[in-house]
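Input: one structure, supplied below.
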Amino acid sequence: MKDLLNLHELEAVAKAAVSQIAWDYYASGADDERCLRRNVDAWDKVLLHYRVLVDVARRELSTTVLGQRIAMPIAVAPTAFHRLAHPDGELAAVRGAGDAGTLFILSTLSNTAVEEVVAAASGPVWFQLYIYKDRAATEALVRRVEAAGCHALVVTVDAPLLGRRERDVRNRFALPAGLGIENMHAAGYAHIPMATGDSGLAAYFADLLDPSLTWDAIGWLRSITTLPVIVKGLVRADDAVRAIEQGAAGVIVSNHGGRQLDASPATIDVLPRIVDALAGRGEVMIDGGLRRGADVIKALALGARAVFVGRPVLWGLAAGGREGVAGLLAMLRRELDLAMALCGCPDVASVTRDLIAP
Amino acid sequence: MKDLLNLHELEAVAKAAVSQIAWDYYASGADDERCLRRNVDAWDKVLLHYRVLVDVARRELSTTVLGQRIAMPIAVAPTAFHRLAHPDGELAAVRGAGDAGTLFILSTLSNTAVEEVVAAASGPVWFQLYIYKDRAATEALVRRVEAAGCHALVVTVDAPLLGRRERDVRNRFALPAGLGIENMHAAGYAHIPMATGDSGLAAYFADLLDPSLTWDAIGWLRSITTLPVIVKGLVRADDAVRAIEQGAAGVIVSNHGGRQLDASPATIDVLPRIVDALAGRGEVMIDGGLRRGADVIKALALGARAVFVGRPVLWGLAAGGREGVAGLLAMLRRELDLAMALCGCPDVASVTRDLIAP
Amino acid sequence: MKDLLNLHELEAVAKAAVSQIAWDYYASGADDERCLRRNVDAWDKVLLHYRVLVDVARRELSTTVLGQRIAMPIAVAPTAFHRLAHPDGELAAVRGAGDAGTLFILSTLSNTAVEEVVAAASGPVWFQLYIYKDRAATEALVRRVEAAGCHALVVTVDAPLLGRRERDVRNRFALPAGLGIENMHAAGYAHIPMATGDSGLAAYFADLLDPSLTWDAIGWLRSITTLPVIVKGLVRADDAVRAIEQGAAGVIVSNHGGRQLDASPATIDVLPRIVDALAGRGEVMIDGGLRRGADVIKALALGARAVFVGRPVLWGLAAGGREGVAGLLAMLRRELDLAMALCGCPDVASVTRDLIAP
Amino acid sequence: MKDLLNLHELEAVAKAAVSQIAWDYYASGADDERCLRRNVDAWDKVLLHYRVLVDVARRELSTTVLGQRIAMPIAVAPTAFHRLAHPDGELAAVRGAGDAGTLFILSTLSNTAVEEVVAAASGPVWFQLYIYKDRAATEALVRRVEAAGCHALVVTVDAPLLGRRERDVRNRFALPAGLGIENMHAAGYAHIPMATGDSGLAAYFADLLDPSLTWDAIGWLRSITTLPVIVKGLVRADDAVRAIEQGAAGVIVSNHGGRQLDASPATIDVLPRIVDALAGRGEVMIDGGLRRGADVIKALALGARAVFVGRPVLWGLAAGGREGVAGLLAMLRRELDLAMALCGCPDVASVTRDLIAP
């Protein structure tokens, strides 16, 4: 890790470390993978009009999300199947996040049970929730998550069906023997089978997850848990307002890393509209395509409270397990810290929209 | 077909299946082929601001065009000379369209007589009409089409002369022996000859088709048939309004697949202006460059009632005859269905303009 | 010629037919040759919203410039040293223009004397004038031009010094033995010498042409000739207005084919502003980068009376002498004629701005 | 030098003349080097609407900066470590600048002491100042600079920490034995050491330079010197206004050649906003990415008083020492002179904003 200059180099190391089928699963986007590229490219078009002659001798990167302090406004997005990347899977990832002093969101589709992950964590853990057709199983999962000590539920709303990642279809993606969805054993939903002419995960989604969800689902979740609920996967201001009105504590602006609707706008491009519409109600977070520490400043300047990184964490995991994840997060922190200094921003409160539109 | 992931792969299979001269005829655009690329590229710039937490457990893709129900808002655009692509020609194509439950537009320039095509159809058939200098022959054709059971006349208005497709000029494009324009035998216009230094089809157009048509032609058509008349091949709002004022039931926004005026705007780019100008009078349809199911949603969101696909149908035909056409349409349907789910649109009525401009 | 499909193919034939030094002289632009590409690319961004159902059975392409009828709104721009392209030089070029029924502008820097050129012409000839420091020699030239029967003077105003065409500097461009500036023998300015570390033509300009010209030059020209004066080489609306106010009959929007100021805007991009500012006073013409017949419609729609082509004429000349020039002009005419038909424009009067901004 | 046609060719010669580590140090930008390219590309998008029929027989390129006359509005930006490029280092560079009759800004990080540089100068010398944590050492440096005869202090404000130039990190950039920061011997800060896993220069900055600077630094500088103070390295209008309000005589719009914050806007893109905000208070200068003489006109038209070139001077130095620097400046002067003529601008006062926005 320590010889790697940037995330691009980390990506190359990670690619060499995992199987082609796992790499394709992590790297792919939907259809023509335009959204995948759009997410990344959109950050580069946002420029920072840095300030000069501000005392930046000390930079304070810590912030809070939902009232919990984290060491920097960069946290770990939920991604599935960490043991495809490294034998230590989610345990390594959550430990790496803890080493960086930041938040970890565990995916429903983890290869490690939520209790084990929380036990290994030294920082806050949120739980990304898919709502199954089987509401009883979903409720059981929520209760188990709450009991395990997670601090929030992040309900994914952009996946009534799985987006079509053609690489996975071509590969007939399925989990290798020995890997399952460890949180779903009780309900009998732990297995991702081979599918005929399709991604096994797509078949799993079509079989088990609930495409009939409406906004009532937020109320239902709030009725069965005291955990704050965050709505992840929206790109529209009206949906964000609706989420908060339904009682969500915040939203994550996300298009699922370009893996669902290939025609989706880039997340950073829709962020300002959503922030403006919410006008301070709820917290706004974002993920998708961020590859440099300075990108975090762009998100914050446009009103996000924090950013989440998904694929880069998997690269760190694949390249070096816990140390790789911690190293990736340290790399982004180092870049953010320097960019804050160069922007004349000694802390996150000083990152304001005039950096982008002076 | 079933192993093909998308239209791009289908295109490659089709290219390998037909002669170079036939491929060039199908694939080419006018002059520098900029409009050809512009049509395709323009769709990719239109983004979809999907909605979340809408019940999309059941998607209803059916719609009506001119009051006729079709299984999805994707239908078959008129293209010439299907037996260049497959020995079963238009019969295979119309059967494939029927298998998909959708509408088929038969070209005047078919290698199969309209009566045979309608007899093979299980869904509605419209007839694309070129108006010949020989008005008597044209009238005879219209009556024959009506008698055969076609449901509408689609009059092409963007081809007073044939656009210059340089590949065809280079190839001295002509129909191989045994293939003719089967609807025009009675008038003696069934043969596409070799032309000196030009495309044979261009010479055929210059000789026989009427470049003096004016808006009176719509009135004349309405005087000789009870079939609804659709005007195909316009890109201007004033022309669309004029078409409806002259009694057309609808318009197809089209630039002939980039084969006529190379400087034409992309169809999807002019669609909103035309829809706004018509303000609900007549039905608006579109063709040109669409390659993904999600593109259909873009057209519908901007006010189109349905989209037509031309070259992709020929790819399906070349790759697999009836099954290829049905497979192509099933592929687009599958993509549309998933994109509808991911956009939070359970039916075509829910596809509104705010998806594009929220 | 007859096997060539378009100007691109003609260019390739021409390149093979002349020396590298001559090719570089014709093909090069100033500095980084950005304006050279900008001129060409700008046309492709202008789109034509064609009209349908207009009677285009007969297209009338003829028009007038300064009251003189020409067979089409495409004429020959002045270019230097035609005998570098073909032994018959300007005589072949003017005959080819006459074969096409159009206007020919003879350059001051011709390898053939103006009297011979006019004698060979079957259409109107205008004379492009450089004003020398030696005003007496210039006045003698003007009188000779008038006596020879030229119909207008086109005074070039964008070349107080010669633009730096790096290819010519590298080649130490000079005229081969036997070729001179035939109109300037009397004044002793017929020779383009080898220059040390520079283009010989640049040295000729610096030595002999007058960089101190002001708007008074137009009045001076009008005082010594009854020929109408056209100002060629401007890109600003205020300059165009000034030209007409000083008594010019018209202007040619031009940046010298990208050979003078590399940072100049593309001509088609500035045309509308100039047309609007003139509001019908004087005639506006344009050259620069046009490569397809449809481009002529774009210029006319934006208010130009005619377009001039320079390099393509040299390609025709190099490829086939008189027949090459006539063939090039016939090729553009054929393209224009078809594009007029496809735009629903039976004559030049029907080419209006709504084709571009409907 | 005399056979080189333009700066691109000079760059190639320079690259071949220095070590890879030195080349990387000079050529590199921060992070992904996007700002590096953005600075260069932005100039090419600014177009010049040249004027015609202005007497440009004599062009007067001289101007003043801070009241000092220079032969042209092109001067030498401060760059570090000239002896990496040529054994004669800063002495050759300042002599070359003097040969061109223009201003030289000496970097704090020079390999030659300020007294020697001023002694070798035939034109004005300004001193670029980094403010060290050790204010006493900084004050001593300022006094020494003033005593040596420099005419202004240029305080760099965009580098509270050094930007991350990954090439230098990879190379573990350090000065070779024998080369030091000659102005800082007295303070003991003359040595750039090898750093572990980083650029040695970055470590030097982090150790010694003061990241706590605020606007008070301008007042402090003014309290210890009578030299005019120029603030270099800002891209915001409010910062420029603040600089003048604090007593600066002028500002240099600069992003440190793309070497600090990679997300910075291009300098030419922010120039007009800064000029407008200052409304004539103080002088505005610019550097960053300029590669052609015509670019100088763009800067002047948008309100800059002069432009500075950094890397090109190093190319000249590497390629030919004093003659290389003089040659580079002569090349730019020749290009500017011709572009002024072609723009119809006989002197710098005639370069106004309507050239860009007519």
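Brief remarks follow.
As written, the chains take the letters A, B, C and D, and residue 1 is the first residue of each chain.
Rule of thumb we're sticking to: a contact is a pair of C-beta atoms (placed from the backbone, for glycine too) under 8 Å apart; a residue touches a chain by one contact, two chains touch by 3 or more.
None of the values given here were measured: they were computed from a predicted structure.
Between chain B and chain D, the least number of touching-chain steps is 2. In this entry, chain B maps onto chain C through a rotation of 90 degrees when their C-alpha atoms are superposed, rounded to the nearest 5. At the interface between chain A and chain B, under half of the residue numbers involved are used by both copies, so each side presents largely different positions.
One simple way to say how far apart two chains are is to compare their mean CA positions; for chain A and chain D this gives 43 Å.
Residue positions of chain C touching 2 or more other chains: none. Taken as a graph of touching chains, this assembly is arranged as a ring, one closed cycle with exactly two partners per chain. Chain B contributes residues 31-32, 34, 157-158, 160-161, 163-164, 166, 169-170, 197, 210-215, 217-218, 231, 233-239, 242, 260-265, 270, 273 to its touches with chain C in the complex. Residues 2-3, 5-6, 44, 46-57, 292, 294, 297-298, 335, 338-339, 341-344, 358 of chain C touch chain B in their complex.
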